[in-house]
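Order as written gives the chain letters A, B and C; numbering starts at 1 within each chain.
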Amino acid sequence: MATLLEVKDLRTEFHTQDGVVHAVNGVSFAVDEGETLGLVGESGCGKSVSVLSVMRLIPIPPGKIAGGQVLFQGRDLLAVDDEEIRSVRGNKIAMVFQDPMTSLNPVLTIGTQISEALELHLGMTKEQARKRSVELLKMVGIPEAENRLDDYPHQFSGGMRQRVMIAMALSCSPQLLIADEPTTALDVTIQAQIVDIVKRLKRELGMAVIWITHDLGVIAGLADRINVMYAGFVIESASNKEIFANPVHPYTLGLLGSIPRLDEAHKAKLTPIEGLPPDLIEMPKGCPFYDRCRFRAERCASENPPLELAGVRHWVACWNWQDVQKKRGPVGVR
Amino acid sequence: MPDSQDKLLEVNNLTKYFPITQGIIFQRKVADVKAVDGLSFFIRKGETLGLVGESGCGKSTTGRTILQLYRPTAGEVFFQGKNLAKMQSEELRKMRRNMQMIFQDPYASLNPRMTVGDIIGEPLEVHHIAKGKEKKERVQELLQIVGLNPYFVNRYPHEFSGGQRQRIGVARALAVNPAFIVCDEPISALDVSIQAQIINLLEELQQKFNLTYLFIAHDLSVVRHISDRVAVMYLGKIVELTDRTSLYKSPLHPYTKALLSAVPIPDPVVEEKRERIILVGDVPSPVNPPSGCRFHTRCPLAIDICKKMDPEFRDVGNLHFVACHVV
Amino acid sequence: MQLAGRIARNPPALLGALVILMVALMAIFAPALAPYAYDQQNLNAARQAPSPAHWLGTDDLGRDMLSRVIWGARSAVFVIVMVTIIDLALGLPLGAAAGYWGGWVDTLIMRVVDVLFAFPGLLFVFLVAATLKPGILNWAKAIGLNDLVRSGYLDYAVVIIALGGVGWGGLARMVRGQVLMLKEREFVIGARALGVPTWRVIARHILPNAITPIIVALSMGMGDIALSEGYLSFLGIGLQPPAPSWGNILADNAGRYWRTFPQMIWLVFIPGLVLAAVVFAFNFFGDGLNEALNPEIE
C-alpha cells in the first residue's frame, strides 16, 4: 500500500527557564493509506508532541521543531507556508483530542461548529452544511441528530462530545485522522463505544489513523502497527501481534509486565519497571532506558542504540535485544 | 457464613444524599444527589474488597462516607464492632488511628507547604504516638518501608515525582498502624510503569502488616488483580458482589457483563475474538435516577418489572450477591 | 531568595518597595531624622520657601515641613499597622469560620460583611469616625482622663477603630473564598481522615495555603488605609493638629493660607505628593508581589 505520511528524524524541543527540554529526539515512522498506527508510551515520552509537530501545532516559542521532515503525500509539511498547512489541517489531516470539553467552543451550538468547517473548507452553503452535519452526527451514532444540532456543548455528556469531535474531524473526509488519547477521559463502557465507532468509520471510509495512547489494552484491539516511545525516541516498532507476542525491548516487556490483565487466572505478582524516566533536560548520553533496565550492559551507558531490524518489519533500539528475547520468559497471559 | 468475629467492617443500608439548595438567606432544599443509596456489605479482616464503577457511580463517596468524612444520610457502619455513624466527632477523631485513607491525586493530596517529615509525622503527633526524636526516627523508618530514601524528610512534595508522592501518601496512612485503609483510586493518576510499583507496594504492606483494604478504582483489571472480592457499583448502588474468580468466570448482572466486555485486554489475539456488549446511551443523573432498577434504561435484558421494582440485593449462593430481576 | 529576585526584576514593584522602606525608616527613626520637633513654632520663620535650614520650607506657624512630614510618616505607619492588625484579627478568623463551617455561621458573617459593603467605603468610615469620636471623648472626660483627651492619642484610637471596624470585610470575604476552595482539596480531606483536629486543619493546612492572596490583599489594603487616614485627617475627623498627619498638614496648609498665597505651591504639593507616593507604592508593590508569588500568571 502507498505511504501516506512519512516522518523522518523529527526533533522537537522546548526552550524553558530551566533549560532545553528534548521532547522528541529523532523520531521516524510511516503510515500507509488506510493503516492504523498506534503510538504508545507514558506521559512525557513525546507521543503527543510528535504528532503536534507533524501538524505544526507546537506553540513557538517555547517550542521549536529543530529538525526532520514530515512528508505528507510527498510534500514536506515542515517546509510549506502557513497558508498551505492550514489547508491541510482539518481538511486532509484531522485531529481529535483528549478533552472533548475544552476542544469545543461553549458558546456556539454544535451545529454551528460542525458547519463552520464545511462552509470554510468545502464551500458549502448553509443548508448543505446543515444537512451534511446531520449525516455526520448520525454517522457517529448520535440519536435524534436533527434535534441536537441546536444544542450547546454543555448539553452533551463526555462521550457524546467526543462523538461530536469525531464528527467534526470527519467533516472534510480526511485521509488521516490523528486521535490523541481520545478515550482517556472517558469511562470504559463509553470508551468501548468510541473505539467501536472509529473502527467502523475506518472500515467504511478507508482513512488512516494515528491513535495515541498509554493504554496497551485499547491499542491491542485497534492498531495494525505499534510504535512504542520512550523519552522522545521510538524504541520498538512492529505489527500489533508481533509487539505483544514477541516484545524484544526491555521497556516494552516492562510495560506488558506492569499491567494486570482482566483475564489473568491467578493473583500473580506484577513485575514493575523500577525507577523513573530520565530528565528530558539533561538527557543521558547512552540508552535513555539504561537506569531502569534489567538487561543493561556496559555499552548501553555510553552509546544510544539505533533502531535495528529484529524480525519481519520489526525494529528495536536495544543493543541486547537478542539476549532479551532469550531470557525474557513467557509473554502473555499469566 | 463467616461469623461476626471475622468481619472488620460491616455496612448496612449506607446512604448518602447531597442536598441541592437554593436561596441566599433562607436556603431550601430543591433536590438530592443520591450519590450512595442503601449499600450493605462487609469486609473481613486482612481481605481486600474492590469497589469498581464508572465516574459518578458513588464509589468515592462510599469510601469517604464509611470513614465519616461525609456523614451518612442513613445507615450503619460497624467498624471493630462500633457504629461509626453514631459517633461524636472527638471519639471519631481518636478512632481514625485505626482507619486511614490513600488518595487518588498524589499532587493534590499532600500539603504543598509542609515537608515530607511534617506530613508523615503529623498523624503521630495528633494521636500522641511519638514526638521529637522518636517521631523523626519513625518517619524515617516509614519512608524506608515505602521504598523511599529516609534522607528525604526535609524535602517538599513538589520535589518528588507522582509515584514517589503516592509512596509518601502511603507512608502517612501507615504511620498510625491502622487496621483498615480505604484506597481511593490510588493509581489512576500514575503512569503505567509506576502503577505496578504502587500495586506491588500495597500488596506487600498488606501481607506485612495484616491490613484490610477497601480498594476503589474504575479499572476493573486492576481491581480484580488486587482484590479478594469485588463489588460493582452503578448509580449509587451495588449491583453485584462476589469473589474475584466468579466475577470473571460467572458474572450474573448484565451491567457487570457489559463492564467486563468493555475492558480491553492487552493481547491482539484475544481482542480479535472477543464479543463486546456495547451499552447504549449514558449513565443517567443521580439527581433523578430511573425508577425501579436503575440500570433498566440501558439494560439489554430489561423486562417490565425492572421499571417498577427495585431489585433486591440478594445472595444467590456462596456469598455471590446480585441485584437483578432477570437473574 | 527567589521572591526578592523576582521583585527586583520588576521596576514598579522595586520602586514601591523602596518607597515603603523609606517611609518605614522615617517612622521608626523620626526623632533622630527630623531636624526640628514637629510642633516647634517659630513665627519669625513662618511661610518660608525651601532653604538649607528648612529643606521643605515652613508653614504658617513657622513649623518645619520636613519634620512634620517625617513625623507624619510615623502617624501613618502606626495607623496602617494597627488597622491591619484589626483587619487580620477580625477578617481572618471570621472569614475562615464562614468558609469552613458554612451554614448559618457563614450566612450570619457574610450578611454583616454585605452591610459593610453596602455603603460607599469611605462614607461609612466617616460616619463611624464622626459618631464614635464625641462618644469616646466624652467617655474619657467622664472618667477623668482629661490629659489623654488633650494629648490627642484618642484621635488615633478613633481613626484606627473606624478604619479597622469597616475594613475587615474585604479580607473576610477573600479568606472565605480561599477556604471554600481549599477545604475540598484532597490534602485537607486527607488531614481530616488522619484525625487532625479541626483548628489544626485550618491553621496548618488551609490558611498557610491561602497566605499568598492574603499577603497581596493586605499589601494593597495598606495603601488604602494610608489614604483613608489622610482623608479623615484632612476633613478634621481624624488626627488633630498639632499631631502630624499628612492629611491634616494638607488641610492646614490648604485651608489657612494657600488661597492667600497661591505661589507657595510646596505647602500643599509636598504632603499631597508624599501621600500619593505611598498609596502608589503599596499598590505597585502588591502587584509585584502577586506576580512574584504566582509566576504562572502573566
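One rule holds for everything that comes next: a contact is a pair of C-beta atoms (placed from the backbone, for glycine too) under 8 Å apart; a residue touches a chain by one contact, two chains touch by 3 or more.
Quick caveat: nothing in here was measured; it's all calculated off a predicted structure.
Peer 1: Which chain has its Cα centroid closest to the overall Cα centroid?
Peer 2: Chain nearest the centroid of all protein C-alpha atoms: B.
Peer 1: Which one of the chains is farthest from subunit B, going by Cα centres?
Peer 2: Most remote chain from subunit B, centroid-wise, comes out as C.
Peer 1: Distance-wise, how many Å sit between the C-alpha centres of subunit A and subunit C, to the nearest whole number?
Peer 2: 57
Peer 1: Averaging only over C-alpha atoms, locate the centres of subunit A and subunit B and give their separation in whole Å.
Peer 2: 32
Peer 1: For subunit B and subunit C, what's the span in angstrom between their mean Cα positions?
Peer 2: About 51 Å, centre to centre.
Peer 1: Provide the list of subunit A residues touching at least two other chains, using ranges where the numbers run on.
Peer 2: As it turns out, subunit A has no residue touching two or more other chains.
Peer 1: What residues on subunit B touch subunit C, complex-wise?
Peer 2: 24-25, 64, 67, 69, 93-97, 100-101, 103-105, 108-114, 122-123, 126-127, 169, 172, 176
Peer 1: Which stretch or stretches of subunit C touch subunit B in the complex?
Peer 2: 107, 111, 185-187, 189-197, 200, 204-205, 208-209
Peer 1: Considering only the defined contacts, which subunit B positions touch subunit A in the complex?
Peer 2: Touch list, subunit B to subunit A: 54-55, 161, 163-164, 191-197, 199-200, 203, 218-222, 224-226, 244, 248, 258-272, 274, 276, 278-279, 282-283.
Peer 1: Could you pull out which subunit A residues touch subunit B in their complex?
Peer 2: 42-43, 157, 159-160, 187-193, 195-196, 214-218, 220-221, 240-241, 244-245, 254-264, 267, 269-274, 276, 332-333
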